[in-house]
Amino acid sequence: MVVSNHHLIAQGIKRAFKTDDGTELVALSDFDFEVKQGEVVALIGPSGCGKSTFLRLVAGLDTPQSGELTYNGSPITGPDPNRGFVFQQANLYPWLTVEKNVAFGLKANGTYKENRHRVQEMIDLMGLAGFEKSYPHQISGGMAARVAIAQTLVMDPDVLLLDEPLSALDAFTRAVIQDEILAMCVKFKPIVLLVTHDIEEAVYLADRVVVLSPRPGTKVAEIPVDLPHPRDRISSEFIAKRHEILDALRFE
Amino acid sequence: MARFSASTEADSSNQKDTASIESLMIRDSDVPPERRVVLRARSTEAAKMLIPFAGIFLAYLVHVLVPNVYPATYVPKYWAPFLLGCAGVWTVVWLLGLFIVPVRKKALRLSWLLAFLFVFLEVWDIATLKTGYMKLPFIPSPDKVLEQLTVNHLKVIESAQASLLLLFEGLSIGLILGFASGVLCGCSRLANYWLAPLLKIVGPVPGLVWLPVFVKMFGSSHAGSVAAIVLAAWFPMTLMLSNAIKNTDIALIERAQTLGASKTRIVAHVMIPAAAPALADALFMALAGSFGALSAAELCGVKSGLALAVSTWGTIANFGVVFAYVLAMIIIFATLTALMFAVRNWLLRWQKGLVRW
Amino acid sequence: MMSTESVFGKVNFIEAKDALKLLAALAAIAVAIGFDALVPTVYPEGYVERYYPIFLRILFAAYLALSVLSVWFPGIRRRVVRYWGLLIALVALLSLYTYQTTKTGNLLLPVMPSPDAIIAAVFEDGAKVWKNFSASFTLLLEGVACGFVAGMIYGTLMGYSRFFNYWLQPIIKVIGPVPSTAWMAIAMVLAPSSHIASVFLVALTTWFPLSVNLSGGIRGVRKVYIERAQIMGASPLHIILHVIYPAVLPNIFTGLFMGLCFSMTSLVGAETLGVQAGLGWVINYAQGWNEFDLIFSTIIIFILMAFVLLTILFKCQKHLMKWSKGAIQW
């Protein structure tokens, strides 16, 4: 892996949506943010605070109305396979097998031939071996979530955007995949932005937790998490961090 | 919950995916009450609603100013008043649209289309009446079509009545029979065993082919024609409904069973509602198919109605009348189809990704 | 079910219930053959049955052969046993109908031809039937192929682009629901030949339901599927081919099914009013001359054509949509 300094900078981002009757609703306003390579940042906040909106902006699925959003110094204009996005629900392509779902991005970019081995590597890594030929309706929800993550990771993205990818999973599977994500971060050193509702997940994975307030979504606190990995979920430091974040989430 | 759409892309059908736009879903109470409804049209909207007038008056000016050359002695009487009438109607729509939101939405959507329509009609007028580029009797001018419609309007209405009566007779019987046999085939293996082969053999063959047999079998050309329409409606209803019922998600049925629902209750309240999307497809196919069967039956069976009129006037090459009758058919069939889609959109309002009209 | 190794290889013994069903069906055909041979043919006077007895014997031989094969092949057995009841009903109906026509004359010619006369009409006018069938079939295929291409393009444009949707949708709303027989009068005049007019009408009736279903399907494709492909760097063309089309495959097949059914109606209409050839024309002609044996034999050929075409369509659907359940089963 070539060590370079990928960085993502957001300055004064504003994004508002038009309602059916023509009024405007501000989802994200005056949002400043910075993250550099190898960092895992969790965005946390109640529903409607604009954290998913921000993730979609970074992905290039949406554009801000004002403010600057740059990746490695150039503004983000559209989606890019270098910025991988794992959606909240797996939503795999039901007409493709597990293997083909994982290979989708490589084929879309015409890089499947030289990276063919990576598909199998990723399937093995995610514990999906033996299910290569299964269709999405034949596998469990946990496996589908893993396929969705593998589908993104196989592209070897420099930025990994996770939009509550584990919210639909049971506690056990979630813990397993959380460890897999951490291992991935150590190995590939991407920028990771994680949107979550789960404070424990944020403290367990992130180097830094950004707390957002709802409507308009703005940053209210930035809390560094400097505990060493692997983190012990029931240590007193861990629980103290959880309390700190919980306090920051009480806005009124 | 009010639904919000990103201002850059307004295709509402794609906005329904709640998964990825969770952040955009906002409660009604979050919107300040004074901003909920914008009653008065903005000036840009008012201007956009004026666009059809441009089309109408362009057509009017061209029609009045360019001399009529083909056929040499023809004096148009209907086209100019018709255009002025359209302008009058649109003025009323425009005024209503200034204040009533649904009218405004429709009017805004239609504005460019209507302008184009009038330009197109005027091009037709130029190609026929003004230059004779397209020749009579095959391509009559718009004025000629309007004239025939005015002169023959009683006959057109009479034919339309005959057609509609026959259609409703056949369609209602066919839909009811199809619904019954669809549910039966979907729920009962025995019924499916005996009805499925009949369905596959009799169903896909068009009513026009069966018509001679039906006429003899049911004793009169009227009854035979009704039977042909019944077939066209019965076949898709039975096939698509029975399939959908057979494919009902087993989880839905099991859940109802654990809640203590009886067999008939499961059929009526779980299987049939779950089959509603297929039912909607079947309804569309039944309707469009029965239009085809209707006009075939009119031609070869009952010998009456709009389709026969079109064919008869076509053979004696009076195309002014042909166009008038085709216009009547377009209005009737397009309206019926639009009505059907309105009903099914209402029935299936819980479903996303519906085939839209 | 027991299975055992013997000198014949692996033999799956047929369950007694299935064996009884097979025997009952065979017995029914045998009874029908005996009945036909023993009861004298009286109507019309001097009529000799030639095809119906052969038909029954072929039916018997075929079912017997399949029954024997089914001892070794459970797959065949399932189907052969499945049709036993239908077969008995078919043979019973045929026997009853033969009795009412040739054996007694209770049902009179020319409106009620006997099964023998219907089969005879197929074979004795073989060349004519074949000529008309192939005329119909070519016309249908030409029209459906044109309609398929047009419908795919039109539906894709209408579903994918808001601009095209705005301009194309009113056209389909106005033209689509009006039955093709009504356009016939106009198409015959505008088209250079009656053949082209007929192809156009058949195409029109395929184009209409396919476009409606396809565009509706495309607009209903889950946004996540498309966004995910965009994230992975797929081009718009790649998205259309590898995301949108697979996702709307069920809609395409529904549209094609409707289109094929409607096309057969407009085919017959076009043949009656326009090209003056083909199965539709034969029916019209035969009705004029009260040749009901010809009508029935044409209907049988039409049934076969429709059945085969739809079966092929649904087999394709089943093959291409393994990933989905809930498609129409044929």
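Lettered A, B and C in written order, each chain numbered from 1.
Please note the rule applied: contacts are C-beta pairs under 8 Å (C-beta built on N, C-alpha and C of every residue); 3 or more make two chains touch, one makes a residue touch a chain.
Since the model is a prediction, treat every value here as computed from it, not as a measurement.
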Select the chain whose centre, defined as the mean of its C-alpha atoms, is least distant from the mean of all protein C-alpha atoms. B
If you tally contacting C-beta pairs, which pair wins, A-C or B-C? B-C
Rounded to the nearest whole Å, what is the centre-to-centre distance of subunit A and subunit B, using the mean of the C-alpha atoms as each centre? 46
Whole-Å gap separating subunit A and subunit C, where each centre is the average of the chain's CA atoms: 52
CA centroids of subunit B and subunit C: separation to the nearest Å works out as 27
Which positions in subunit B touch two or more other chains at once? 19-21
Which subunit A residues sit where two or more other chains touch them? 87, 89, 91
Provide the list of subunit C residues touching at least two other chains, using ranges where the numbers run on. 222, 224, 227, 325
Taking the complex as given, what residues does subunit A use to touch subunit C? 59-61, 78-81, 83-85, 87, 89, 91, 93-96, 104-105, 107-109, 135-137, 151-152, 155
Subunit C-touching residues of subunit B, taken from the complex the two chains share: 10-11, 13-15, 17, 19-21, 109, 112-113, 116, 138, 193-194, 197, 200-202, 204-213, 216, 232, 235-236, 239-240, 243-244, 246-247, 281, 284-285, 287-289, 291-296, 299-300, 306-307, 310-311, 313-315, 319, 322-323, 325-326, 329-330, 333-334, 336-338, 352-357
Under the stated contact criterion, what part of subunit C meets subunit A in this complex? 222, 224-225, 227-235, 238, 242-243, 246-247, 249, 321-325
Residue set of subunit C touching subunit B in the complex reads 85-86, 89, 111, 162, 166-167, 170, 173-186, 188-190, 205, 208-209, 212-213, 215-217, 219-224, 227, 251, 254, 258, 260-262, 264-269, 272-273, 279-280, 283-284, 286-287, 292, 295-296, 298-299, 302-303, 306-307, 310, 325-326, 328-330
